[in-house]
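A single structure is presented below for examination.
Lettered A, B, C, D and E in written order, each chain numbered from 1.
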Amino acid sequence: MIPVLLIFIPVFAGLISFLLKNERTVKGWALVSSLIVLATSIGAITTNNPASTLFDATWLPSLGARFTVSLDGMSKMLVLLTAVAFTLVFVATNKNEYKHTAAFYGLMLLTQAGLMGVFLATDCLLFYFFWEFALIPVYFLCSIWGGKKRIAVTFKFFIYTFVGSLFMLVGILYLYFLTPDQSFSLNSFYSLKLTLTQQCNAFLLFFIAFAIKMPIFPLHTWQPDAYEQSPTATTMILSGVMVKMGLFGVIKWLLPIVPLAINRYAMPVMILSVIGVLYASLIAIKQDDVKRLIAYSSIAHIGLMCAAIFSQKNIALEGVLIQMFNHGINVIGLWIVANAIEQQLGTRKLSELGGLAVTAPKLAILTVIMAFANVALPLTNAFIGEFLMFNGIFQYNIWLAAVAGISIILAAVYTLNMVQKIFYGNTVTATEKAIDIDNNVFLSLSITAVLILVLGVFPQPLIDLTKSAVHLLFVK
Amino acid sequence: MGITQSLFWFLSVLALVAALMVLLSKNPVHSVLWLIVVFFAISGHYILLNAQFLAIVNLIVYAGAIMVLFLFVIMLMNPNTETEPRKNFLVQIAGIVAGGCLLTVFISLVKQASEMNNKTALLKTGNIGLIGNLGKALFSDFVVPFEISSVLFLSAMVGAVVIGKKN
Amino acid sequence: MSKIIYLVPLFPLIGFLINGLGRKFLSKPLISIIASGAILASFIVSVLLFINVKNTGSISAAYFDFINFANVVIPFAFQIDQLSSLFLLIITGIGFLIHLYSSAYMHEETSHHYARYFAYLNLFVFSMLLLVMGANYVIMFIGWEGVGLCSYLLIGYWFKNINYTYAAKKAFVMNRIGDLGFLLAVFWLINKLGTVAYVDVFANVSKLSQADITIITTLLFIGAMGKSAQIPLYTWLPDAMAGPTPVSALIHAATMVTAGIYMIARSNILYTMAPQTQAFIAVIGLATALFAASIALKQDDIKKVLAYSTVSQLGYMFLGLGVGAYTGAVFHVMTHAFFKALLFLGAGSVIHAMHHEQDIRKMGGLKKYLPITHITFLLGCLAIAGVPPFSGFFSKDEILTAAYAKNPLLYYFGMAGALMTSFYMFRLYALTFLGKFRGTHEQEHHLHESPLAMTIPLLVLAALSVVGGFIGVPEVFKADSHWLEHFLSPIFAQSAALTESHHLSHSTEYTMIGTSTALILVTIIFAWKKFSNYVPNEGENEGFNKLLANKWYVDELYNSIIVKPIELFSGLLKNVIEKNVIDGAVNGVGKLVVASSRQLRLIQNGQVGSYILIMVVFIIVFLFAWINDLTIVRFFNKLF
Amino acid sequence: MPIQYYIYLALTLFTIGIIGVLTRRNAIIIFMCIELMLNAVNLLLVAFSKMHNGIALVTNKDSMVGIDAQLFVFFIMVVAAAEVSVGLAIIVMMYRNTHSIDVNFLNRLKN
Amino acid sequence: MNAIILSALAGVVMMLSGIFTNKQSVIKLVSIIALLVLITGNVLQTYGHCSIQIDTKNLLAFSKAGLYFNTLIFISTFVYFILSGKAIEKAGVNVAEYFALIFFVLCGVSILTSFNGLLMFFLGIEILSIPLYILTGSDKRNLKSNEASLKYFLMGSFSTGLMLMGIALVFGATGNFSLNATGQKTAYDVLNAGILAPVGLLFIFISMLFKVSAAPFHFWTPDVYDGAPSVFTSFMSTIVKAAGFYAFIHLFETKSYDLGPSWKLLLTFAIVLTLLVGNITAIFQHSVKRMLAYSSISQAGFMLFSLYSSNTLAKEGIFIYTVAYSFATIGVFAILIYLKDYTFDGYNGLAKTQPVLAFTNTVFLLSLAGIPLTAGFFGKYFMLASAVKAGAPLMLVIVAVLFAAISVYYYFKVIQAMYFKQGDAELNDNVPTSFKTALIAIAIVIILIGIFPSTVLNWLYF
C-alpha cells in the first residue's frame, strides 16, 4: 500500500494546491504534504513486508498492462531521495516569490508524483506513463516561471526528451510483443530470452531515451540551458532527482533485460560517457554563470555514473546507486546556494560576485561543504559512490578509469574556482550590502550538510539498502 | 468485318474524336456540343451491347438534361468571351505527358492482363439490358440503394438551394 | 590499550567542532585553550600509546565497516605500530607547540576568525592523525585528502586577499593530481588483491606480479609527489606560504608534507620489491633536493626560502627512501620536523616583530632585538645545515651514507645539495639577524621580542633540534646506538629480509663525515661573511641569478604549457564546440525542419491543376510500383 | 467483340478526360471532362456486364449475371446528376462573386 | 438500418423545420433531439432491437463493430452540436439546411459502416461527400469559402471518377460487386493470375487515400479546411474523416483484397509521405486553422497504420483514435471559433483572460500531440502497437514517432501563446458558462480515456 500512498499523496496535494488562494497557505500546504511523503518514504525504507511494499491492480487488462507498483532496494532509495529533495526544496525556496503561487506548487507536487511513479512502477507501460507524467508539469513550471529565454529553451528540453521517450515507447512495444504472455510487467520482461539482434534493437530504442534524460555527451545540450532558465526550485528537482530517471531506467529496465546488448555497446557508451565527463568538466571551468557551472558539473557526474553502469561490475553498480542518492543531495545543496545568492544579489555571474564570505560567513561555510562534496572529498558522501564506481570502471578498463579520473582534478578546479570567485577576495558592489542567509536556507543547507557528512562517514546503511537490488540485477 | 464491327469502330472513333474535340474547342459551347456527341456515341455502344435502357437513359439524362444544364450555365455566364486565357504552355505539356504516360501504362497493363484473353463482350444479344429485367432487379434486389439514392438527391437539392438561394 | 586509540583523533575533532560551531560565542582565550588542550590531550594519549607500542608491539582497533560490499570490505580501522606511533608523537607534539604559538601569533584576529583558525588547525591535526593511524590505504586516503582540504582552508585563511586563495586552490589541485595516482593505486590493489588493509596487502605481496608492484608503487609515488611536493608537483608548496606562518610550520614543514614519506615507509615492502620505482624515487628525490635548493639560494622572502628548503629536504627524504634507507628517511622526517618547525616559527616571530614584513633584504641586525628568536633560529640553521652534533647532521648523514652505498654519484649530488642548504640558510640567517637594520624607522621603533607563548615553543623545538639526533647515532660511532633503527625494525623487517645490507667500511664513513662537515663549515663561514654586512644592490639579479630568483621560471612554464592550453581548450569547447557544433547540430535539425517546412508548403500552390497533376503523377508512380512490385520490395528489403 | 477493345476504348476516353482536367482552366470544361471520365467508366461497366453475362449464358440460358453492373451504371448516372446540380450551383456561386470561372483564379488559399 | 433510416428522416425533419420556424435555438434543439433519437435507435440495434427490419439483399451487413462505430460517430456529433451548435447558428441563414445536411452526412456514415458491396460503398461515399461540398461553400459571400468549395468539388469528383474506374476494373475481373464474392474470386495470388482486379483495387485505394487526405493525394485538404467556415471544418476534419477511415479499413480488411507484395510498400510510402507533409508543412503556418488542417493530415498518417496492420489491435485503435482525435479537434475548433484572430498571435495571453478556455484547449492539444494521460496517447499507442505487432519494420515506426515529436512543435506553439506570451486574446463574443462546462466535461473525458482506455475498449467487447 505504501507505494500507492507515495504516488497519490502528492497527486491529491497538488490538485488541492491549485485551489488554494492564499500564498502562505499554499507554501505551508506544500511543505506539509512533502513532509507527509517524507514520513511515508521513511516508512517505506524500513519495511520489508510484501503486503506494504507491493501494490497490484488491474488497469488495462486488454493490453496486458497492470497498475503494479512496488518497492525494492533501489526504488526505496530513490523514493527517499525524491521525498527528501522536495522537502529541502520547499524549505529552501520558501521565501521565493512566484506569481500564481498555487499553480506553481501544484505543478511541483504533480512532478513529485510523477517521479515517484517512475521509481515505483514495475509495469513498463505504467513506467512510461509516469515518465511522461513527470515531464509535463516541469514543462509548464519552466516555461511560466523561468528566465528570459525560457520558452525556447524549455521547448527544446521538452522536444528533446519527448523524442527520446517516443523511442522508448517503440522499444517498449517491441519487447511487449516478444513477451510470451503479452504483458508489460517487469517480470515478463525479465523472463525474456532474446537474441543478440533483438537485444540490440531494444537497447538502442530504450537507451536513446535514457541517454537524453541523463544526459550523456553529446545529447546534453538541452540541460545547461534548461537548468539556467528554469526557476531554481524546478532546477533543483530536475538535476537532483529527474536526471536520475535515466540512470534508473538503464539499471532497472535495460541491464537485466538486454545484458548481451549492454555488453556489446559497453565500450562505445563508456567512451562517450568518459568524453562527456572531461568535456563537461572542461567547459565548467570556463563558465561564468553559477547555474551553468553546476549544470555542467552535473553532466560530468552523471557521465561517470553512466560509465560505471556500463562497466557491468556489481561494485560499480552499487556505487551508481549510492551516488544517485548522494549526487541528488549534493547538487540540491549547490542549487540552494545558487538560489540564495541569486535571490539576494540578483546576479549569478561569477564575475560580478566576490567576497561574499565577509558578509555571509554561514553561507560560505556551508557552500564549502557542498563544494567539497561535489569534488568527492573523502568523508563526504560523494566519495563513497565515486570510489565504488571508479573501482568498477577500473575493473572493466584501466585506461578509461584513468582518463575519467582526470575529472576529479578538473572537478576540484571548477568547484574551487566557483567558491573562490563567489566568496573570496574583497567585497564588490553586488556583495557589499549582502546579509547572511535566512533561517530557511540555513536549515535546508544544514540538513544537506549533515546528510553529506553522515553518509560520508557511515555509507553502509545505504549500501545495505541497495545491496540486494544490485545482487538481483546480476542474478537475472 | 460485319456491320456490328463497322459500327463499333465507327462509334469508337467518333467517341474518341469527339472527346478530343471537347478538349480542343476554345469555345465552351462547342465543348458541350462535342461532349453530347460523345454521349451519343456511347449510347450507340450501349445499343450495340443490347443495353437499351441505359442507352436511352444516357441520352435523356446525360445528353439531354445534364448537358442542357451545362449549356444554360455557360450561356448565363457569358457566351461571347473567347473564354479562358490558355494555360501555361509548360503546364499543358506536363498534363499531356502525364496523361500519355498514364495511357501507356494502362495499355501495357491491359496487354499483360491475360485473364481477359479470349473474352468477349456479347453484342446485340442477351436480355439483361432490357428495361423489364432491369426494373425487376432494381425494385427487388436493389431497392435499398434505390431508396438511398433518394437521400443523395435530397441532399443535392438542399445543397443547390443553400448555394443558390440569394441571401 | 587499543580501547583508547580512538581518543587520539577524537580530541582534535571535538576541538574542531566546538570551535567551529561556537565561534560566535567563545572568547579568544577559551578558543585557544580548547584547541591547544585538545591537541595536548591527544599528545598525552599518543605518549601512552607510544609506550605501549614500545613495550608490547603494534595494536589495532576496528570500529565499523566503512564500505562493505560483495568482496570489498574496508573497515574503519586504526593500526598503531612503531611507525605510526612515532608520527603520532611528532604530529601531536609539534602540533601542540604550534597551537600554543598560534594563540599568541594570531591574537590580532577577531575572535570569529580566531576560532575559525583554530578549528581548521584542529581539523588538520585530526586528518593527519587519520592518515597515519589508518589500518588501510582507504583510511589513509581519507586523511590524505583531509590534510589537503585543511591545507586549502588554511592557506586561504586570509580569504580577502584573492592571491592567497589562488595559492590555496593551486595547493589543492596539485595535491589532487597526486591523489589521482594514489587512488588508482588503491583500485589496483583492490582489483588484484581484493583488500587494502596493510596487513593483508603486505602478507599477500607475493601474489602480485612484478609489473603490478611496479605500477602500484609508481602510482602511490605519484600521490606522494603531490603531497610531499616533489618535482614536478612541488610548485604549490612555496605558494602555500600565503597562509599564516604557524600553518606553514605545522603543515608545510612538519607534518602534512611528510605524509608521502610516511606512506612509502609504510609500504616499504612494496617498494623494496620494485627496484625500478625505487630508482625513480631516488632520482626524483635528488633532483628535487638540488633544484629546490638552487632556487632557495636567491629567494628574498623569508618564508619562501624556508619553503624551498622544505622541498629540498623532502627531496632528501625521498632520496633516502629511494636508496632503501627507510629508517633514515623517517629519521630525517623527525629531525626535519623539529628544526623546520623551529625555523618557521622563528621566521614567524621575526615577521611578527617586523609587522608582516617578509623581505629579508629589508631586515638585518635583528639579533639584538630578538635574542631568543635569534639563538633558536641559529640553532635551527645549524641543525638543517647538518653541522654535528645537531640533529640534522645525523639524519642527513644516514641518508647520504645509504646513497653512497647505492651509488656514489647520488652521494656527490646529495652533498652538493647539502652545501647549498648551508649556504642559503646562513644567507638567510645573516641577512635577517646580522648587520644593520634595513627596514623603516617605524618598524625599528616597534621591534620587540615575541611573547612567551611564542618563545616557549621556540625553545622547546630548539632543544629538540639540538639533541634530537641522538636517537639515531650511526653505528660507526657506537655499536647498537641507533635506537630508532632498532625501534622501527619490525616495520622494515620484511624489506630488510629482502635486501642484503652492504655496509660501508668505517673508514669510508669517517672520511665522508669529515669531508662533509668540513665543506659545510666552510660554506657557512663563506655565507656568513658574504651576507653579514649586506647592502641592497640593484644589479645583483642578473643572468643566472635572475633565473634562480625567478625559480627557473617553472611556474611560468607550467602556466604556458599546461594551464593556458587547458584554458584555451575549455574556451574552445565552451564557445565553439558546444555552442556551434553540438548544440548547433541540435538546433540545425530544428532549423532544417523549419526550412523544409518553408519549402514544402510551396508545393501547396493553390492551383487545382497542379494538385491534380501531382496526383496523376503519383497514380502513375503507384501503378509502376505495383507492376514492378517484387523488384521494389526486394530493393527495400535490402535497404532495411 | 473482344473485351480488350472496350477496355482500351474506355481507358482512352478516361485518359482524355484526365488530360482535359489537367490542361484546361475553365471550371465548367474541367467538370465536363470529369463527366467524360464517368462515361468511360459506364461504358466499361456495361461491356464487362455483357462479358460476364456471355460467360454465364453458356451454362444458364436465363442467367442474369451482369445485371448489377448495368444497375451500377444507372446509379452512377444518378450520382452524376446530383453532382452536376451541386457542382453547377457552386460554379455559379463562384461566378457571381468573382465573375470568373477560371480555376487559376482560385488561389487565395495556398501554402 | 435504424441509423440509416433515422438519419435520413432526421435530415428531412430538419429540412422541414426550417419552414416552420425561424428560431435558430429551436432548430438546434430539434437537431439535438433528433440526434439523441438517432443514437438511441442505433444503440437499440446494437443490442438486437432493430425496429426496422429490411432485407438488404446482402448489400448491407451490420456488424457490431460498425454499429459501435456509428454510436461513436453520433456521440462525437453530439459533442460537436453541444460545442459548436451556436457557431452553426451563426454560420449563415440556412441553419435548418445545415443541420439537414449534417444528418445526411451521418446517413452516409451509417452506410459506410455497414456496406457489403462496392455499390453501397460508392453511394455511401457520395452521400457523405455531396453535402460537404455544400457545407464548405456555405459562407457564400466569402471568396475563400467559394474557392474551397469549388476546389473540393472538382477534386472530389475527380477522385470519384478514379474510384469508379477502379470499381469497374474489379468488376471486370470478378463479375461481382460484393465484398465477399469478390473476395472468393481473388483469393488466389493476384500477381500470377490477374492484373485488372489489383489495378482496380489500386484505384479504389488511391481514391480512398484521397478521401482520408493522405499524401500524395492530400492537396485538397489544407485549402478546403482553411477555406470552409471553421465550424464545418471541425465537422469535416473529425467525424467525416474518421468515417472515411472506417470505410477504408472495412474495404480492405479482408485479406483477399490484396494488392500483392507491393501493397504494404505503397502503404508505407503513403504513411511516410503523409506524416512528412502533414507535420513538416504544419510547422510554418501562421494561421492556427490552417495548421490544424495540416495536423489533420498528419493524424491521418497515423491512422493509416491501422490499415497497414489491419489486425484487431488496429481496429480497437481506430476506435480510440476516432474518439480521441474527434473530441480534441472539435474542442480546439470550438475554441478557435470564439477567437477574433485565427493566427497564433491571436492566442497570446488567452490563459489570463480565459483560463478555462486555455486550460481545456491545452488538454485538447496535448491529446492531439499524443502526450500520455490523454486519450490521444492511446490512439497513437494503438496505432504503433498494431504496426509492431503486424511486423512492420521498426524503421517505419521510428519515423512515425519522430514525426509525432515534430507535431509537438506546432501544437505547443499554441500552448506557448496562451500561457507564456503577453497579449490580450480578443474574443468575438462572451463565452457562456454552459460552453465552458461542456469544454471541461470533454477535457475530463479525454483525460479519463487517457488513463483508462479500457473503459472504452471493454464497451466494445461487451
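Just so it is clear, contacts are C-beta pairs under 8 Å (C-beta built on N, C-alpha and C of every residue); 3 or more make two chains touch, one makes a residue touch a chain.
All of these numbers come straight from a predicted model, not from anything done at the bench.
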| item | value |
| --- | --- |
| Chain-contact steps, minimal, separating chain D from chain B | 1 |
| Minimum number of chain-to-chain touching steps separating chain D from chain E | 1 |
| Joint neighbours of chain E and chain B, given as chain labels | C, D |
| Which of A-C and B-C has more C-beta contact pairs | A-C |
| Chain centroid nearest the full-protein CA centroid | A |
| Length of the line joining the C-alpha centres of chain A and chain C, rounded to whole Å | 36 |
| Whole-Å gap separating chain A and chain E, where each centre is the average of the chain's CA atoms | 43 |
| Inter-chain centre distance, chain C versus chain E - centres from mean C-alpha coordinates, in Å | 77 |
| Whole-Å gap between the CA centroids of chain C and chain D | 97 |
| In chain E, residues with contacts to at least two other chains | 119, 123, 126, 130, 133-134, 137, 140-141, 151, 154, 158, 172, 199, 222-223, 409 |
| Where chain C touches two or more other chains at once, by residue number | 601, 604, 606, 608-609, 612-613, 616, 619, 623 |
| All chain pairs that touch each other | A-C, A-E, B-C, B-D, B-E, C-D, C-E, D-E |
| Chain B residues touching chain C - in the complex, by the definition given at the top | 87, 91, 94-95, 98-99, 101-102, 105, 108-109 |
| Chain B contact footprint on chain C (complex, rising order) | 609-610, 613, 616-617, 619-620, 623-624, 627 |
| Chain C to chain A touching residues, read off their complex | 64-70, 72, 112, 138, 141-142, 144-146, 149, 152-153, 156, 159-162, 165-166, 168-169, 172-173, 176-177, 179-180, 183-184, 187-188, 190-191, 566-567, 569-571, 573-575, 578, 582-583, 585-587, 590 |
| Touching residues on chain D, where the partner in the complex is chain C | 18, 21-23, 25, 30, 103-104, 106-111 |
| Chain D residues touching chain E - in the complex, by the definition given at the top | 3, 7, 10, 14, 17, 21, 27, 30-31, 34, 37-38, 40-41, 44-45, 48-49, 51-52, 55, 65-66, 68-69, 71-72, 75-76, 79, 82-83, 86-87, 90-91, 93-94, 97-98, 103, 106-110 |
